[in-house]
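Notes follow once the structure below has been shown.
Each chain carries a letter (A, B, C and D) given by its place in the written order, and its residues are counted from 1.
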Amino acid sequence: MAKINPAFGKELNKYGAVNFNACYNCGNCTAVCSLSTEDVSFPREMVRLSALGLEDDIKASLKPWECYYCGECSTHCPQEANPGELMMSIRRYLTAKYDWTGLSGLLYKSLPLSLAAFILTFAGVIAFAFSVGFELDKMLKFGHLFEGIAIGTIGLVILMPNIARMWYFTILKPKVKVPFMKYVKSTSELFVHMFTQKRALGCDDNQFRWLEHFILVIGYLSMLFTTVALDWFGTTNLFVIILGYVMSAIVFVVTVDFVSSRMKKNKEVSKHSQPSDIFFVVWLFLMGLTAFMVRLFIDLDILEMNKWLYIFHLTVLVQWALIIVPFGKWTHFLYRSFAMYFAKLKE
Amino acid sequence: MEVEIGKTAKYLREKLGGIPEQAKKNLKEFNAIKRKMLDALKEEDLTVKQMSEKIDMPTHEVLYYLMSLVKYGFVKTGEVDDMDEYYTYKLNK
Amino acid sequence: MEKKPKKIGVYICHCGGNISDYVDVEKVRQSVEGEDIVFIAKTTMFACSDANQRDMVEDIKANELDGVIVASCSPKLHQLTFRNVSIRADLNKYTYVHANIREQASWAHSDNKMGATEKAIHLVKAAIAKSRYAEALETNKIKATKAVAVIGAGVAGIKAAISLAEKDTEVILIEKEPFVGGRVAQWDSLSTTTESGKDMVKRLYNELLKHDNITIMTNSEVIENKGSVGNISLKVRKTPRFIKASACHPDDLKRAIEVCPVEVPDEFNFRLNNRKAIYKNYPSEYPQIPVIDIKHCTRCGECEKVCKAVNFSEKEEILEINVGSVLMATGFDSYTPEYGEFGYATSENVITLPQFKRLIDTQFDKLVYNGKQIKNIAYIYCVGSRQTEGENTYCSRNCCTSTIHAAVTAKGKFADINNYHFNRGLRTYGKQEILYADSLRQGDIYLQSYEDGLPTVATEGKKTIVKINDILTNGREIEVEADLVVLVIGMVPRSDNSTIGSLFKIPKGRDKFYNEVHMKLRPVETVIDGITIAGACQGPKNITESINSALSAATKSYSILSKGELETDPLVATIDPEKCTWCGACEAACPFDAILKVENGKKVVAEINNSVCKGCGMCAPVCEPDAVNLIACSSKEIMSMIDALV
Amino acid sequence: MEKESSIPNGTNSNSPLGVGDSNPIKNITYDALVIGAGIAGGEVALNLANTGYKVLLLDKELSVGGKMIMLSKVFPTLDCAACITTPKVSEISRHPNITIFTGSEVSNIKKLSDNEFTAKVTKHPRYVRVEDCTACQLCEKACPVNVRDQYQFGLIGRKAAFIPFSICSPKAAAIDIDNCTLCGACEKVCPTNCIDFTQETEIMNLHVKTVVVATGFDTFDAKKMPRYGYGQYKNVITALQMERELAPTRPFNTILRPGDGKVPDKIAYVLCVGSRDASVGNPICSQICCMYSIKQAQLLMGALPMADVTIYYINIRSFGKGFEEFYQQAKGMGVNFVKGKIGRISEKESGNLILRYEDINEGKLQEAEHDMVILSTGVLPNTGIEKFFESQTLTLDPFNFVGQSDALASPAKTSIEGVFVAGTATGPMDIPDSILSAGAASSEAISYLINQQN
């Protein structure tokens, strides 16, 4: 027995859903979607659940994560109901629901709040820089320390519990019985998807986008590893230095293309971009670019004269680590992979 | 200009200064295909598929020309195969 | 008797495979070409085609044929076509004989080709036998009255009346109710226009008034019908209004309504409220004179005291009118749900769509029903239409659109309402699809079932719960707690169709609506010559469709009468006064009241009224002394046909 | 056939071999001009003619009868379309008050005053003198050319000298000049010497009192939806093509799939191709596709008793008189109805087709294999008519059909007083509705003519 909640649509609209009520349930979206299968059919089911406002069913579903938003469903929707954008909005909604702090939801729904958070973190960085008297060494040292601590803390305090909540919504609450050994055996699925996003390859005409994305993920993870584990800014190892250059260059070059397509809104995927999508790519771009320049300035030995550059980089880093990673779009990276893993468990 | 009844095509041909190239080409092509098909059917009765292999032409075009030849009385439809799927076509003698 | 042997031509039609797929037409041709009177026997792909008709004319002229036979489809379809061929070939059209080898042979025996061919041969031989005796006959010419009675003053009737009047035709517009406008007058908001139903009726009524060749009769009913096309005489009973139009000031009339102590349920508002015994349905209603509902009036005299126009001495009148044609535009009834059908009459939260439409028309700001503010509305579609159990198997055509229009209007007018549509597959055909899309975009929710899983309505305390296994959500059971349940009731034939319809002997279809002769060839004519049908009395229609059919019917009625003269078939019964003993059996058997009892000087005998007789033959077999003879179906012809058949 | 010479105020333009005379522009006068000689235009012409008005009925095609004359049988009664159209067509072509111009176009329509319209009529040469042609088909036999037959929607060939189709009217040959090689073979065999290559385009000045637009509809071009593969996969055809395959004058004399001539046994109908689909620019419902598909399914079950027929639909719109019963009858005969719009079609090597759809009842994506697919293409407006009106604007509706100035109360009236509209020119409708709409247009036109006389 299910009860309808027509008010739910308004909630979803805040996460960016557009006109999905127009759906007359022809199923064309599911039929044109190249990722849809007999066992896992979407997006119409999600459109229907959203129109009826059956929230529990949406929360229990992993289907939103199975979609890689090629946009075919929206292009061919006879009612112009934007099923693709709805899937995207549900992902934002789910991200907010998985997040125990509730901050994700607030940031997604309110642009002023997001901006306030960015300003606050910026003020914090300035305050810190002031407190150490704008000494570059101290700032660099702290920056490096911050990276390690942030990764650990956010991972343990925010992301792990959120994954646990996702598991609760999608496996435990719907009473899916999974033998323990299956959890172990299926872990490979988790990592394969996390690092390759190979599922997106199934999207039609999407090979280039997948490749771009793949390079970006590898570049980003390597940059993270290079700066955090190999202390790129502090190292003298030539190999590490070059590695850092390459990786950060990859990140900002690839993101340029992402940003420009978001700006042009020419593809179905980017027609309805939300601020959170733009923050994500722009900050990624800034991360790559500022990291590259900081290291370049170090090598040219002119960073001392251009401390503002490092402060800028640190600001971007802090905002990235404290806003975008735990509460913003970054989490897709995790939830998608876990969704694949959980889907395997459900099989 | 006086034109003789029954010979007006000549008049138009002269007026236009010839025959449209496309029409000429099309007629030549049709005549060639017609000859090929009728020759093939002289040897044996054929289905569309067999004809397609024999004269190296896509099946949909074979069907189009073959049915046109049936319409014009050169070819006639024969028996259908055991599966009730494909008809054979033969010369209409 | 016979001077020289007849020469006839026989044409056997393939009907493009309809016949030739089952009947070996060539064999039929061969087996009849040797018959003595058959001069030509041919087969043809389409006998009715222009080319073949041309051939027939040439054959007849070149070979001086005396008659032709076409063996093809039902004579209903093409007898007329080939009679006209005969005329063009300078033959008398009654020498033409039709053989039906499609419906009677190929279609009826599609499983037995041999048998179908055999039967076709017999049928053609029977036609040849008839042709042997078929005589040239003259059509009867009668003068036609250039006047049309339009029955029903809904939008279809009004529009037909205007259209006829514009064509210099006298019109008598007869309306049973005291006011004109029919159903459309009951609606404020109409789909696809900003004009209200009432304004549309007002506009049309004002147009009616411009024509002085239109007589409007309200409160009037046809009670008798005599004669036939060209000369129809009708008796109309006119119930008085009991109010003299000229004598009174409108304010006094208003007071009269105020003081009336009687209250009866207001049918105009679908019994949502009460009205007085002296009433008008709405202020601008036409004619602009109130009426006294004499059935409910207690004759207390209160109204007389305040208004001089009230006049209880007015008497019922019976008027006789003569017209050449009758245009039926009597409209439809709304389906009345069974007791308890989706909670109808058992739950106080359940109303019908017409009631709901009146409700939203009459309320402002807040939607309140039974003192309760309405938030969630459940519409249940196809109530009384597309029934799997029940008589109404047809789709009522415009209820989907009508409901969505009401839902959109309600949502636009009242804040915070939710519309839930429990449908069986939306049928917003054509441009109406846009309305459906609008309703979806504004957030209406549609839940669908099939015929075998209809929604249920249950009352739990004060709540009304509607449940459905929604096929759009993988068949899941979904429930809605509704403040108001709106039953989308379909259109059904009017309950008084059996009285007025049988007065004119209009046949009804499977759906019990009036039936046209042929949906595509003659869509507004009935088998009764001179009687046309328009609007929803023929089947569910929306306003535009009703008007189209009304104008078509007007064109037909007009073209029948425009020449002032009519030809009628000479195929009628005749009475041999020598043999007739007047037993009255024929009179009783005649469905058209064409038989009169007359005294011819010597004795009492039956006589046929030629303009009424349809030549149906009902009288012939009941006549014991065998005094009835049917022209063109003489015993000689029939017996020879039987001989050929057996 | 004498029609063509009974033009008032004019000489017979087809007079043979008057070559060299520069044709002066003729003036012709009628009471009414009816543009489009389909079933609606024909009905209007008949109604007006029967009440005594002189009508010019004009069509750009070589035959009157419009789309209906090309159909097989018609729903829901399953009468053969020819049995209904041919007698009407014959009545129209014989009527003394009706003049028919086929292969003709009208332009520059101007309203001068209340009962005065002028227009330019362009009559394209047929290269055959219709009044002399006996439709003996000898020219057709003699002609060496073969081109795709437009009246069979390209399924089969025809000659360059040809009779458009067996029940066409006027039933006379025509020369397809674009494909003609001017060999003269047709002339040599013609027993009545009716072939005349000296004919030229004729321009006439037309004066009428009223105009009825009955220009009909167009169908959606399925090539605009590449995901259905029409044009690319040979076994994907349109419903109009199937209509020809089922018609009495069918091109293959049986049902064959055009890809390789196989007798199909798993046939699919894809509904709403180009209708109810904003993504291809046509959001409205075409009103007839459900029913004609159900009809074709029933006919196919009759023609191929072993075949499976499946109809993929969004909603079945069997709303008219007898339609719902007809739909139920199809279900009873074993036609499969599957709720779900087809998303994509792909072709297998065998020529069979894989249809991808969501079975809405199950909520699951499915793929089904069929050996022939029929696209039930939607109804679109026949665009461009408004361009021919010069002095006043003929307003169109948002979907580019001819606009109705008073859609509810006077559906046949347009934005120009004295110009009326009939049939599918105003929007999708079925045959009975077209005829009723034609009845309404006739009524309005007659009233208009009478009013102007008074």
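In the analysis below, a residue touches a chain if its C-beta (ideal position, glycine included) is under 8 Å from a C-beta of that chain, and two chains touch if they have at least 3 such contacts.
Treat the numbers as computed from the prediction; the structure is a model and nothing was measured.
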**Report entry** Contact-richer chain pair [B-D vs A-D]
**Finding:** B-D
Report task. Would you identify the chain whose Cα-based centre sits farthest away from the centre of subunit B? Result -> A
Query raised in the report: Using CA atom averages as chain centres, what separation in Å is found between subunit B and subunit D?
Result: 28
Query raised in the report: How far is the middle of subunit A from the middle of subunit D, if each middle is the mean of its Cα atoms, in Å?
Result: 56
Report summary line: When centres are defined as mean Cα positions, the distance from subunit A to subunit B in whole Å is 64
Query raised in the report: Could you state the distance in Å from the CA-based centre of subunit A to that of subunit C?
Result: 66
Requested in this report: Provide the list of subunit A residues touching at least two other chains, using ranges where the numbers run on.
Outcome: 24-25, 45, 79
Requested in this report: Would you give the residues of subunit C that are in contact with at least 2 other chains, written as numbers and ranges?
Outcome: 426, 437, 472-474
Report task. Would you identify the shape of the chain contact graph, picking one of line, ring, star, complete or other? Result -> other
Requested in this report: Flag every residue of subunit A that touches subunit D in the complex, lowest number first.
Outcome: 24-33, 36-39, 41, 44-45, 75-80
Requested in this report: Sort out for me which residues of subunit D touch subunit A in the complex.
Outcome: 227, 272, 276-280, 283, 314, 339-344, 356-360, 363-366
Query raised in the report: Which of the residues in subunit B end up touching subunit D in this complex?
Result: 1-3, 5-13, 16, 19-20, 22-24, 26-27, 30-31, 34, 47-49, 52, 59-60, 62-68, 70-72, 77, 80, 84-87
Report summary line: Given the complex, residues on subunit A that touch subunit C span 1-4, 6, 9, 19, 21-25, 45, 48-49, 51-52, 54, 79
Report summary line: So, in the complex, the side of subunit D touching subunit B is made of residues 16-17, 19-20, 141, 144-148, 155-158, 160, 178-184, 186-188, 190, 193, 195-198, 234, 251-254, 256, 258-263, 265, 306, 351
